[in-house]
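Each of the next two complexes has subunit A plus one more chain, namely subunit B in the first and subunit C in the second.
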Partner chain A sequence: MAAPIRQSLFGVAKGRWRFEGLWAGSLGSRSLALAAAPSISGSPWRLLGAVCLQRPPLVSKPLTPLQEEMAALLQQIEVERSLYSDHELRALDEAQQLAKKKADLYDEEGDEQNVLLTQDMEDAWEQKFLQFKPGARITEADKKNDRTSLHRKLDRNLVLLVKEKLGDQDVWMLPQAEWQPGETLRGTAERTLATLSENNLEAKFLGNAPCGHYKFKFPQAMRTESSLGAKIFFFKALLVTGDFSQPRKKGQRVWVCKEELGDYLRPKYLAQVRRFLLD
Partner chain B sequence: MMNGALGKMLCLKNDIIFKQAFSLLRVRTSGENPISSAGGILLSTSRHYKTRPIHGIGRYKHLVKPKEPKKKRAKVEVRPINLGADYEYGVLNIHLTAYNMAVVESYAQYAHNLCNHLSIKVEKSYSMPTKTMEVLRLQDQGSKMLPDSVLTTHERVVQISGLSATFAEIFLEIIQSNLPEGVRLSVKEHTEEDFKGRFKTQPELEELLAKLN
Partner chain C sequence: MALAALGVSARALRSRSWLLGTWQTQIRDTHQRASLLSFWELIPMRAEPLRKKKKVDPKKDQAVKDRLKKRIRRLEKASQELIPIEDFITPVRLLDKARQRPPVELPFEESERRALLLKKWSLYKHQEHEKERDAIRTMLKSQQEALQELQLMSPELHAEATKRDLSLFPFEREGPDYTPPVSNYQPPEGRYHDITKVYTQVEFKR
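Coming up: the complex of A and B.
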């Protein structure tokens, strides 16, 4: 459903996104050198700070068959080569004592020492292990493919996307806000996060430097003397705790992993965003 | 290039005098140390021992740079270097803690190799002493505590320096995303307390100091 709409949007707003093919990703392109060089007050580019909020994976990825075989083999080698542990030595001693008792058929006083036989301990441990139930790797949200929940895809990075209205179209993008003079771009990104979540989300910014950028020119109709286009700088943040309190219908949000980004983002934007996403 | 050419010349069966004159000329005009050029050892004028041409054939110490003697307690307290746009961190400690020693050691090895590969300078890579914790479980009937298990906490530290701010972000993300199960990561700046925490406490020394004061 997303694809035909996108194509029609492309057809309708020709001037808007077509120029990215020429300018995207190349800060050193000739015709824009004039725009990049002057001071901020005179620059025709609007600056936006965007935050790429990532939920780090909660569970490790399942091993491939090769890795599993290798792990099993190494474990076997290790067990065969290792020395006996205290527990095993005790078990062997007790086995010997029992054998001696049976053979000699006389009571020893050594029974008080081993009130708890190693066999009993092992049985108790086995019972406790059976009672323990690990959490599910594939959660409900996975089965339903509910992209708005955070409990999906526990072994992957999930990125937050929001739907915003740009002009007259609804566009999926990373949450962004306009830069105000006097604050750093990272401050812009933090402000974006705060306004978006109403202080429910706690995120950790790893550094002050942006991890990616994207710039585009406005369509001819929207261009004025002072605004030729916009440059968006992405900052990476890792989600520590928190989630959105209620699902707002107005600004739709989605937590998406790297492959699914293609369903939502525009191609050029996507190409730039993909460059800084590790997976 | 000169040495190669000389060698090739020597291999050819030429007139010896012609060879000598040529090589001497070449060596002198190139301005190299006559002893260190390969082809010129036999034909150089400054021999160590006149009648034995191969005397000192195995000498190499004069070619190796002298190693600085290592100080016993080298305290490296590097302040973070501000270079304008490029902010560089000083000495950082990456602490990896886990209960499982094999996993933590192999991950410390991986982190060290990663730093080497990314040409980040690793000052040292050491381990903190292991802490043993005995878990006692309260008995179901009664108040006696039964020993349940013994947990040993192992900690490995990789000390790096010269991390630029732009790269630190990516580096931290790589390390975080590749953490194995059960390993806790903590990245801190190196401080005096960290350095002194590795030494054993010396009660006699402390007593003497207390007596002095």
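Coming up: the complex of A and C.
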């Protein structure tokens, strides 16, 4: 049993051994606890289902300078090629009348004061617009950089990360759970979400198929006949409503965008996860 | 004697005739016969065969009905009005010449700036398209690899993973707005009068 394992080790990339060391105690201790639940009969790999829960953006992204310029140009061209609107015609007529009145030296008494000039109308509209206070695109949570809050980075997708104590180390990862015989992998992912959120979160799973996978082998010390390593299958879900109730342990959960994933996840794991995250 | 001859002929006929009806008519019509023993004269041979009126009547009725239907169809076709597409009809008040703007003459710098900006924009969009395409390709590849791994692990789970998810579609979601929703927003009071024109087209279904 030692020889084939050594051969597979030689075939493995250099970084993996180091990485496996980190996972050493983790699943080793878990595997002792869950020794009664084998993954698939005959296969030495343990099976885990994980959920990639994303909060979709609430607000559109800000435009880049090139996009701003282009938007301005398109607006200009549209105005140039259009016909005069009623409001503009009215403004032109009034301008003509004013010019006439200045040219004529007689002061015509009339309905000068009763006429509502277009300028007055525009000012009134402007005032009304200023009275409306829209919601802030950059929220307080952004300013504080409070990563546990859902109201941060409203223009990006936020992914849920969870810190779990595996053995003697704390590891950040996507929420996962061991597969139990009798359920589908998607069922495992849904169960993970339910246990994590205590049914406060409502998520829409995008299909039955996994979007990515990650497999790794346990280090030599932890390997047994039946567990050579583990395979994690990720399932994508979109957050519809709901949020976690007051977090009991503040350091355990984090909502993070794609760039910030590197601060939390391990390199190999991160590489696999980034493949299926669109930004 | 005649009666006896009649009885004899009747018995002779009884043995020969095999249709009960013809036997009865033979007895009935015997006063019209030329001779008593004539059998074939009893069976009416000179008359035309009876015309069965049953086939022709339903045909006639059907023909009448078809003609009526044709007439109704012609009437319907003539009266069918197409629903007007309001976007394609220019309102008359916009055909006024006073509405037209004077043509703008752009200075050279402005037209140059526009041309260069359009070129930069097309390059940017091309790059954006390539990035999106590559991202989608990577996502698909990742999914395919995951499914392959699952197949190697356990074919049953793979089969379940490749089943269609019927609860996925119809999938509806409100897209991102410019500003997030305000929590304590009071909309202005008033009633909403819907003045869209609704056209109905009567369609006869056969």
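We adopt the following convention: the second predicted complex is superposed on the first by the 194 of 279 C-alpha atoms of A that agree within 3 Å, B and C clash if a C-alpha of one lies under 4 Å from a C-alpha of the other, contacts with A are read in each partner's own complex, and residues count from 1 in each chain.
Basically, contacts are C-beta pairs under 8 Å (C-beta built on N, C-alpha and C of every residue); 3 or more make two chains touch, one makes a residue touch a chain.
Bear in mind that the values here come from a model prediction, so they are computed numbers and not experimental data.
Chemist: Report for A:124: first if it touches subunit B alone, second if subunit C alone, otherwise both or neither.
Modeler: After superposition on chain A, A:124 lies in contact with neither partner.
Chemist: Specify the partner with more touching residues on subunit A, choosing between subunit B and subunit C.
Modeler: Here the partner covering more residues of subunit A is C.
Chemist: Looking at the overlay, what does A:211 touch: subunit B (first), subunit C (second), both, or neither?
Modeler: Both partners, subunit B and subunit C.
Chemist: For A:186 in the superposed arrangement: first (subunit B), second (subunit C), both or neither?
Modeler: second
Chemist: Is A:157 touching the first partner subunit B, the second partner subunit C, both, or neither of them?
Modeler: A:157: touches subunit B, not subunit C.
Chemist: Once chain A of both complexes is superposed, is A:60 in touch with subunit B (first), subunit C (second), both, or neither?
Modeler: both
Chemist: With the two structures laid over each other on chain A, which partner does A:166 touch: subunit B (first), subunit C (second), both, or neither?
Modeler: Once the two structures are laid over each other on A, A:166 reaches no partner at all.
Chemist: Touching A:138 in the superposition: subunit B (first), subunit C (second), both, neither?
Modeler: A:138 contacts neither subunit B nor subunit C.
Chemist: Please identify the positions on subunit A that touch both subunit B and subunit C, taking each partner from its own complex.
Modeler: 56-57, 60, 206-209, 211, 238, 278
Chemist: Going by the contact rule at the top, pick out the subunit A residues touching subunit B in the complex.
Modeler: 56-57, 60, 157, 206-209, 211, 236, 238, 278
Chemist: Could you please specify the touching residues of subunit A with respect to subunit C in the complex?
Modeler: 40, 43, 45, 47, 56-60, 66, 69-70, 73, 80, 82-84, 89, 133-137, 139, 154-155, 184-186, 204-213, 215, 231, 233-234, 238, 272, 275-276, 278-279
Chemist: Could you pull out which subunit C residues touch subunit A in their complex?
Modeler: 94, 98-101, 104, 114, 117, 120-121, 124, 135-136, 138-139, 141-143, 145-147, 149-150, 153-154, 157, 160-165, 168, 171, 173, 176-182
Chemist: Quick one: which bits of subunit B touch subunit A in the complex? Just the residue numbers, please.
Modeler: Within the complex, subunit B touches subunit A at residues 87, 165-166, 168-170, 172-174, 176-177, 180-181.
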